[in-house]
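You will see two complexes here that share chain A, one where it goes with chain B and one where it goes with chain C.
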Partner chain A sequence: MTDPRAQAASSAVRARRRRFSRQERLAYLILLPALGTVFVIVTIPFVLVLIQSFSADDGTLIGLRNYSRALGNPLLYEAIRATGVYTLIVLPIEFLLGLTFALLVHRTIKRTGIRAAIYVLAILPLVVPPVAIGVVARLIYAPSYGVLNVILERIGVIHQEIDFLGDPTLAMLSVASVDVWQWTPFVYLVLFSGLQTVPRESVEAAQIDGVTWWTQFIYIDLFYLRPLFLLLLFFRLADVLRVFDHVFILTGGGPGTATQLLSLYMYRVEFKFFDLGQAAALAVVVLVSLSLLYTLITRFLPLERE
Partner chain B sequence: MRRRGRSPAGVLRIAVATAGIAVAGVLYGFPLYWLAVTSLKGKGELFASTVHLVPHDPTLAAYSSVLIDRGFWVLLKNSVIVCFSTVVITLVVGLIITYPITRLQVPVRLRVNVLTWALSLRFLPPIAVVIPYFAIVRTLQLYDQPIALIGIYSLFNLPFAIWMLKGFLAEIPIEIEDAALVDGANRWTAFWLVLLPLAAPGVLAAAIIVFTFAWSEFLFALILTATPNSQTFPVGVQGLVTQFEIIWNDMAASGVIAMSIPLILMVIGRRYIVAGLTFGVIREK
Partner chain C sequence: MQRITRREFVKRTAVAGAVLTSFPAILEACTTSSSGTNKPSKLVIAAVQGAEDGPLKKVAPMYQSQTGITMEIVEFPYDQLFEKLVTTFQANGSSYDLCMMDDPWMPKFGTMGALQPLDSNFGFTRDSDIPSIVYDVGTWPPPHGPVPPSEQGKSAHLYGITIVGNVEMFMYRKDLATTAPSSWDDVLANAQKFNKSNFYGYVIRGKATNPASSDSLPILWSFGGDIFDSNWKVTLDSTESIDAITFLTQTLKRYAEPGAGNTDAADRDRLIAIGQAFQSTTWPAEVTGVVESQGVSQVIGKMAYIPIPKGPSGKGIGMMGNWLLGIPKGSSNGSAAADFIKWLIQSDNMKTYVQNGGIPTRTSLLNDSTLGQTNPYFPALAQSLAAPPNWRPRTDQWNAVETVYGTAVNQAVSGLKSPKDALTAAATQIRSTMKQAGYPS
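This part shows the complex of A and B:
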């Protein structure tokens, strides 16, 4: 071990290792206080809600009684059903329309200027506050003032006002239409960017082979879009569970409980019935089932690309 | 640009595309047009028996009624204060968390864990979260204080900020910073004078997105505020909707105001919004 070159090399290795570990130490020094604070702020309320879910309003522990009340409430299952119906209306339409538009623009519009203009227009609905969209929807569907009735009457389709928000089915469709309006552009944007990543060579090879428009879509485009569909599904499912604002403004969950989605139901239990124990139990059940779902789904997501 | 000869099928496709875009244009344009037209109506026209589809004697009366008579300018002020503070806190904390995982030699596992954890926050439905936060905000006597909203908005916008900033910081070559360090700068100066200016466009984009999210937030604001002391603009808009007798033009005017600010900001920050919403999975040129 007296070879000076070997010694120099090994000391260089040691120096680099020391530098790396110093960087690592610095990283933890910066990260720990920040992450620690965030972690505490996130965790404390959950501990609190866990305690609340096992206690009566006066603070005495009552075991699982809140849970049995929460899970035994038929309104919960109505809310889950409404959320399911809403999801089943909204997601297929958004995916179908978004995909159709992405393909149309991708295949027919080649001018970058027009593509860029469509891009800007498509992001606009995404940032409109849902409360404001609720207001717009109200102006369109509301009884006696809604403009949709006015237009339908003028062009002679109907002769009697339709009560869009008073009929359970129509109310659900109205509420869903707002979601489609706001989120189809998002599906379009993601799928359109996905189509740009389809390799030119595969497309050209297929065209030389003389495949039809449809075959090219099924066997080439769809193949490259598959991971994005999964990702979109993940994001949109999470979003559907968050839906609150525009439904609250447009129908408030009515008529009856026709559009009372899970989030609106939980809001009612806590802030209208002031049943804190039951609301806490619901929150715990939702959070636990979602985190299970989350750990399951992230395994299949193409998130870390390095 | 490549131009092929137009086959009949190609012409048909272009016709379909044009028709599709036209239909979409009407479906998106008309509701917004109608909102604007309604907001320009005078009180008298609201109760007229025929509804005019084009502006008829437009007036800004509804806007002054909303902002001044109803005092909504206070809510607007609250919204701006809350959003600005949220942006500052979110970005500072976001940079503190993303700097070490992108610019320092750390184990890959650490980076992936931080990012996955941040992503998981995005999937908490706010209603399940608001119930625990309602309890703690009351315990700390922060109910109806802007600070409660600022704290919660900062927390829940952090995942977006972390993922966006991570993308922007990782793109800047590490050699640039190393060069500064070799020239005798310490880590802080290298960060402040070299890295941050280079990352500025990305940081600005993240700021815009966080601002618009905070601006649109409704559920937390509805639950954690009670008076104009801390109510934000969307809460005011909602108040106009559920009133016993809806004043349509005031409601429409408040909708226009609520909408205009994010729309303007988004035209500025358009390049990164999809990257932000999909946590960097889709990068727009």
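This part shows the complex of A and C:
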């Protein structure tokens, strides 16, 4: 005679199995390696950082002291301000230029060969190492031997050197220009590929109705590009928060702290000051803030295609 | 013959394989002494990439051929070496048997207890031909000056031996000025005298953080200012400190290159080497690497090198930037690593090291006229070491302090803040940092 409790347990297991079809179980099985990898390389480090953010260097728990130190440091707010300014400069310019180039090429260039050549040219800035870009940019903007000053002097635009990297506003514009140069092609490539997906019938129907260039752009092209804008916003926002190399090489965060972006500040706290607790607290604060920001973007911006 | 099942066969093969493959490891574990006194087949050195480790790379094969010990030099850029060493020490890793260390790192490593004492463990003693300050800089806790609160009362030991005797000096165009500037007033007078269109009277290395800090500290000290007093009280906002930074960032800046707030060592060397500047502070590696380098410089033989000129305090104080060799605690080859250091600082071997571009610490070599012909800065370096120079404050918080101070000087150089405002703000910030770290600031 079988135990009724064992019978009940085995029927519960069978019921659970029935809840997932064979296909679903297979799907979860296939997902397991990917989820496992995410767990190992994302979840575990995050938990460790979280623990570190509540600990002193010797591992003893100290509550919120690291957070209070991190949030009480005026340099953090200067870094947030610099990052905000940088973002507000580079993102609109990159989006506007990328969209303009994409529309221009899409509407005016029909030859496949020329399009392919433009594609290759657009890829180039994306594959150049950021350190190399920083060094080249320094040769352009540096005081006394920078190419830009020499050219401007030769053509008579200026008579005295401009201190591109020593003036806070110009230094910010200089580091931002490097970002714009490197990442506008990425925006162009994404939006250009988006324009290829616009159904030809819709465009032809609109043209038969006699719509203007602008109306076609607003009501047809932009409609199909909206999800890509969201994607680009996510990617570029994440990239901007990681910007490091060319700023480090060009200005080192100076003059003063004018171009000390959040990434540069966090690098210094972690690897120059070796203040691991404060760096961990900063990382958690930034991560939580970004998650909130991304949630807000996805919830409130009407960028999804309906 | 007894037949075995397939499962049994697999099981027995696995056991036999495991025993055979682990045998060499077991054997090695049984024969290797934990004291590290046995001769290893290889020593691994973590080194800084650049002019500082170049000569070391050249002489290491000589040691290899004499002893049969393979010398492996693993190079890292400056910042990465520090990060690598700290993380290795935190894990008590045994990746490196020797490590090159910039002298401001000693407080961090000393506080961490990351290194093996060279005196008590390996019998290192002071050599009268090497200035005391060179040994002092490798000693922890520091034998003079303020000691971090956590280190007070600990017995001092030698943890590092200098292999690059860097001290910050001063250089000027001797073909233009017949007498050497003996004071910062003379420096200012010369800057004013020789400054003209496209030729700068003085070069300020004013890029934010470390460059601005390194460039200004000798002036700060020579004016009687400092970052801390002998009790770790912050004195960066004292009258002397403000006067010193005002002198550099306002008075001397009138005759300096444009964009001084973004000038680093390479930019300074370029200006000097192409004959567009009269004078500046300098480090030995800049002299050998650029200013006196054949095929690079247009001013070879035109530069003179002297110790840092005197300030209102009556002293001219250079800054140490020694590179030391130490033995990480995690290394199990301590004895062999110590033998290598002893070999390297022997007079004859150090001479070979110098002939390969090394910067010596032995007074006899610094005053050797033959070596001086190819290294015109050696006499100035000997005088600077004998003076003696200052080291950067011996605190494990130095990186944070230097960043705050170097940013403040950069703000003053760039005209973003007055020297007084910049230093007052920096002093407040440093006080807060030091207080949080347990210092009586």
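One rule holds in what follows: the second predicted complex is superposed on the first by the 238 of 306 C-alpha atoms of A that agree within 3 Å, B and C clash if a C-alpha of one lies under 4 Å from a C-alpha of the other, contacts with A are read in each partner's own complex, and residues count from 1 in each chain.
By our rule, a contact is a pair of C-beta atoms (placed from the backbone, for glycine too) under 8 Å apart; a residue touches a chain by one contact, two chains touch by 3 or more.
These numbers were taken from a predicted model, which means no experiment stands behind them.
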item: Partner chain(s) touched by A:Pro168 [first = chain B, second = chain C, both, neither]; value: second
item: Which superposed partner A:Ala283 touches (first chain B, second chain C, both, neither); value: first
item: First (chain B), second (chain C), both or neither touched by A:Phe271; value: both
item: Touching partner for A:Gly252 - first (chain B), second (chain C), both, neither; value: both
item: Chain B versus chain C as contact partner of A:Glu204, first or second or both or neither; value: neither
item: Contact breadth on chain A, by residue count: chain C or chain B; value: B
item: Touched partner set for A:Ser144, first chain B, second chain C, both or neither; value: second
item: Intersection of the chain A residues that touch chain B with those that touch chain C; value: 142, 145, 252, 271
item: Touching residues (chain side chain A, partner chain B) in the complex; value: 20, 23-24, 26-28, 30-31, 34-35, 38, 41-42, 44-46, 48-49, 52, 100-101, 104-105, 107-111, 118-121, 123-132, 134-140, 142, 145, 147, 150-151, 181, 186, 189-190, 193-194, 213, 228, 231, 235, 238, 241-242, 244-245, 248-249, 252, 262-263, 266-267, 270-271, 276, 279-280, 282-283, 286-287, 290-291, 294, 298, 302-305
item: Touching residues on chain B, where the partner in the complex is chain A; value: 1-2, 9-10, 13-14, 16-17, 20-21, 24, 27-28, 31-32, 34-35, 38, 51, 53, 93, 96-97, 99-101, 104-107, 110, 112, 114-116, 119-129, 131-136, 139, 151, 155, 158, 187, 212, 215-216, 218-219, 223, 234, 237-238, 241-242, 246, 248, 251-252, 254-256, 258-259, 262-263, 265-267, 270, 273-274, 277-279, 281-284
item: Residues of chain C touching chain A in the complex; value: 79, 82-83, 86, 108, 207-209, 211, 257-263, 267, 270-271, 276, 397, 399-400, 403, 407, 410-411, 413-414, 416-417, 429, 436
item: In the complex with chain C, residue positions of chain A that touch it; value: 69, 74-75, 142-145, 161, 163-168, 171, 251-258, 268, 271-275
